[in-house]
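The data blocks that follow each hold one structure.
Look at the two complexes coming up: chain A is in both, with chain B in one and chain C in the other.
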Partner chain A sequence: MTDAAMEISGLNRNDRFTRGSRLVDALSKTGLLLAILAVVAYGSFASPAFFTTGNLLNVLTSMSIVGIVVVGMTFVLVVGGLADLSVPATIACGAILSLGLQPLIGPVPAFVLAVALAGLIGLLNGVLVGYVGINPIIATLGVGTIGLGIVQAAVGGVIVYGSNTASAEFAKGRLLGIPVVVLIFLVIALIGHFVLSRSFWGRWTLATGGNYNAAEASAVPVKAVKAGAFVITALASGVSGGLLGLTLQSARPLIGSGYEFSAITAVVVGGVSIIGGFGSVPRAIAGLIFVQLLTNVMVLQGVRTPIQGFVLGILIVGAVGMDAALRKRGVV
Partner chain B sequence: MVHQEINLVPDLTVAENVYLGRMPGKWSYLRKGEMVRKAAAVLDELGAAINPRERLGNLSISQQQLVEIAKAYAAQPRIIVLDEPTSSLSEHETAALFRILRKMRDDGIAIVYISHRLKEVLEIADEVTVLRDGSMIETRPIEGITAGAMIRLMVGREVSNVFPKSAAEIGASVLRVERIGDGASFRDVSFDVRAGEILGLTGLVGAARSEVARAIFGLSRIVEGSVSINGRKVVISSPSAAVRAGIAYVPEDRKGDGIVPGMSVRENISLPILRRLTSFGRIRGSADRSLSALYVKQFSISPPDGERRINLLSGGNQQKAVIAKWLAAKPAVLILDEPTRGVDVGAKAEIHHIIGQLVADGMAVVMISSELPEILGVCDRVVVMRDGRASQPLTRAEFSEERIMALATGEEAA
Partner chain C sequence: MTRALVLASQYRVVIILGLTLVISALVVPGYLSASTLSLGLDRAATIGLIAIGLTVLLIAGQIDLSGGAVFALAGIISVILQREIGILPAAIVGILVGTVAGAINGALVVGLKVNSLVLTLATMLIFRSLAHWITNSQPVTGTDIMLSLALAKIYLEIFTIRSALFIILIVLLHVWLTRSIPGRNVFAVGSNPAAAKESGIASDRIVFLGFVFAGMLAGLAGVLQSLVTNTGSPVFGSELTVAVIAAVVVGGTRLEGGRGSALGTLGGVLTIGSLTIAMEFQSIPAYVQQVVSGLILILLVVLDRVVTTKGRAPGTRPALVRDDPITQGGKV
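Right, the complex of A and B next:
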């Protein structure tokens, strides 16, 4: 009976969309792959430097550092936590501490401690967002600024250099011809994908993002799940920062600036919903590959930096707009 | 068009809601005074005692419903479609609404009144059209039809008893709450439910029935009194603690609290007991699928596809899935908050049948409902709430429509 009323007012479009949306549905799944292929095709056609092992390995390596953050950021968006803006601070924390503590406790404990302290920043984010209920943008911005301040004060605002050559060799090295950083990224991406799509924690994350109240009324520990997404992102950023420090062998407090934007761009372009409840790690990584390749082609073509920013901005707005439109039509 | 579910902006005032999208004024300058005056006139005409400057969110659900109707009326339509307008109104307010509708009809407005409450249809309609499964069955003048005839047309077969009372064996007390209160909306509430028993919890809108249920389930805090399960005192600090103690709760607001819309029926059903389907952190796909397949079949959820996104199902089938999700947790006591609200007659009978089976298997059920015929037909005992206080339980021998209404309104006539 209620359906009848919705029909009168033209609200009940579900049926039409489940029938007519196959094309849209297929496009939303394969659109990004097609876009990546298009960029590769254009790149190899337009620039002789593009389709070379050296260039592609470069893209892959720089992509891996952001990619580790992207895996974490996917959880934040899916759980309905909007975005984590403390990423620059957690990356700096990971980079500075993993280099700065080397002379004191050795390279491996330094790395582990750096990641753990980054995780602590994430825990603070998580408590503020999940338990206290502060808007994530404000909470992570505040915590990030505080964290960055502490790290800056701790090292006296100067650049920290690496002192352990063995760890530097490892981070810059290759295994079976593949850079170690890329391998670490792949492992983290696989773990992230497994947790989000196959584990109870991932299902809880999707449910909390999909309908917070219903998840709570289904005995899902929603506050912990929400907080957990920020801890996951901070741990990932800590690892990413540590690797960045080891490869560069130097770290300054602003080493991580811009990574939050790159990560959010990748996740959103990958079609992960900014409202939460929908998304996967492979989608986010597809978004990352697309954005990174596009940037690389623009660099090779000599496109100036402001124009590059312009293009990436349009991509974000377009992706979010598309998400909103698809959601309204009930496709995703 | 007046929707079944409230479609208003809680942070705006009543007047702003009534004129939303058609506010008087020019060049984005808003003539606020004029708007408030006009809204007051409309509300007055409808006989609703609501201050147009009040923030909408401060009103009760039933007052909001009246604002919704005022909004439709203020557009001076020739046709008004009302979709289950009384689903959140008490009997008293329904009577007021009917006065308004008759007045509109006499003013020459055509009214399409959608309802599953046959009594209301018989009372208000001049002509009735019965739909079933998306097709029109029959249109008849109201004089030539009875409730029984309408039900026959709706289900396509003869239904002898709308509320079949199952004869379950009643056992020992399972859930007992003693003098509980939340420090705000209710206090001093005591009752107990026994195995195999359906305890009704009724009262007017605003009597804090749902608040009691939500507090027992750990969605809000109990500050005084005690809750015990099978004779043991329990402290329920969260829904997961409630599930561990053996309490399950099917919420009133299905769309808001019951389903995760983007997820499949399967994912919704397994949500509360996900940990039990998990080994080494990984959800066992086969256990997950067989659980949903079991309930989809047992409750004949339609379409019988666990992979379908739950928001694409009809209200009745969504509700069956929400109930299924709790049965998997094997609770000792199940609290159902308006389980048949907004579902059609066929699904309603199915849900009653499911509840009957549950108590036959020894579950204790608390059912909150505003529909007196449902309460009278299904429940073994009834507790009536008024303004956050609960009455003594009435047994089947003691309760009648008049007695319950008297307790609910506080107009006890001897």
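Right, the complex of A and C next:
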């Protein structure tokens, strides 16, 4: 690409902030809200079980486990890191170790150590992507395979069970009528939102994803910011996996498979750009709510699991295609 | 300089393959017997057929992560249809299904102009869900059990039908890539899509056909696997993705596009195949094998990265690693 071409695309970029972007922005936000309302309306209309406290609490709880991963994945997409495919490995690491280490060092240190080791996997991803410059999908695919293999080898490839009832009670318990898992998710989402939209780190993340070279020229530590997104995702998945393990009181090596797709779907459906430089945590969570409610309605309607995966795939293609189309026209 | 690099990367394959064989022969008794080698070659052929398609795609600067899912889907179709239309027509339909899957990938990548990594990640989910959907997540069995014996028969002491087919195809691919004009165009598209388009190469068509080719070969591999095992299963091929990419990368084909060779892929496939067989003979668990193929992938990608960063002229960073979406054929 020549310099002239870069300049032209730069002009387009400036244009999008002045020309009707607020309208499109509002439309894209309300569009998702309308879609959520439509799903809620259809759900309560089609199934009597949908709009009940029990069902909605179930949705909220399962949403929270994925949601914690979504917060991290938002950083990866915004920084221009495409996607983190090592999520199944980091979730398994969090779940298996936080249960497996309980008899040895107690529940709290086990949880902390599990999350820290998951973070280590993220650090490896981050170094490979940010500093060595390897394609994120290939790097996280490879590191995820290695990490999952090591975690499996560590426990001999079997299912691990919990042995500490107090921590299980805590994870399954409620505070003021709200499940603890949901509260933890809300806290993490708030922190994530604050960091991405209000802190210097968030500004750096957006800048790095928007224009890597310009950010580098403006003395943003681009490599560290890019690597950081993967560490954040891994820590989040570690927490998510730990909570999942504590709630289920058992962890098999493949406990986290599929979570990477759920998280990616939520983030791109929420309108976070797959190419980076644009997005926020609330948007991703709106996408998550939509996808989770849609899945829930499908389950209540007796739609089989494979079809749900099919719909998720179509949603990703649609959202990514729309993102590409909007970008080409200079909006979003 | 380039010539030296190409030579070095060719030697790399030979060195790695040689080391693998020597170490395996030292560790595993009777490893270098004809029967072991033919078993290894037959095993490698599955990875190899998918790797043939991926080699072309990677040279063209694209990637297909859906190969493992297409592999499963095509195999299932070819087994299910055996009762209805007979074995040979069913096999042909299976390969066609793979081809259509590839065409869907290609049309979406070229039409939506989105990153092929992200897109084939989504279509992988879609094809895998389809496979589960069709089979109700249960393995299906074929009609003629004797056919698997015929396919497993060893000719000339070393070749099965499958491995002979693989060797013939990869030699043909080598001739096509190095001696024909379309083959040369694939390299042009991969190393600099914009320049290729300016030179009058229909890069969109090449990318599209590359995906069709990759899908067809993944389908062929899946059909052969299902015929040999007389089974089609929706979980087939899920562990193949990393192994196939590792095989191609060992062979010196770059993830960045524009560089690679069919004979290199042959070497890479043989390396992964002989490693797998050696580990299976030592009854090393599957998850440790996964760790090994993940490690090989990451190490070699890092090596490639460290070597290439120096040689590339500015502005020639190819499609897969560029920050903006792939724009072959579009306005640049």
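Keep in mind that, in the parts below, the second predicted complex is superposed on the first by the 307 of 332 C-alpha atoms of A that agree within 3 Å, B and C clash if a C-alpha of one lies under 4 Å from a C-alpha of the other, contacts with A are read in each partner's own complex, and residues count from 1 in each chain.
The rule we apply is simple: contacts are C-beta pairs under 8 Å (C-beta built on N, C-alpha and C of every residue); 3 or more make two chains touch, one makes a residue touch a chain.
Please read all numbers here as calculations on a predicted model, not as lab measurements.
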For A:218, select first, second, both or neither according to whether it touches chain B, chain C, the two together, or no partner. first
Chain A contact check, chain B vs chain C, more residues touched by chain C
Which of chain B and chain C A:261 touches, first, second, both or neither:
second
| task | Look at A:278 in the shared chain and tell me whether it touches chain B only, chain C only, both, or neither; answer first, second, both or neither. | result | first
Q.
Let me test your reading of the model: by the given contact rule, A:304 touches which partner, first (chain B), second (chain C), both or neither?
A. second
Touch test for A:204: chain B only (first), chain C only (second), both, or neither? first
Footprint intersection on chain A (chain B / chain C) at 1-2, 5, 9
Chain A contacts chain B in the complex at 1-5, 8-9, 14, 18, 194-195, 198-201, 203-204, 206-207, 210-211, 213-221, 277-278, 330, 332
In their shared complex, chain C is touched by residues of chain A numbered 1-2, 5, 9, 80, 82-83, 85, 128, 132-135, 137-139, 141-146, 148-150, 152-153, 157, 212, 253, 261, 264, 274-276, 304-310, 312-314, 316-317, 320-321, 323-325, 327-328
Chain A partner, complex, touching residues on chain B are 1, 3-4, 81, 83-84, 112, 114-116, 131, 134, 217, 219, 238-240, 242-243, 249, 251, 256-263, 267, 270-272, 274-275, 277-278, 281-283, 311-312, 314-315, 325, 329, 342, 344
Residue set of chain C touching chain A in the complex reads 65, 108, 112-115, 117-119, 121-126, 128-133, 136-137, 194, 241-242, 245, 255, 285, 287-288, 290-291, 293-295, 297-298, 301-302, 305-306, 309, 315, 320-321, 323-325, 330, 332
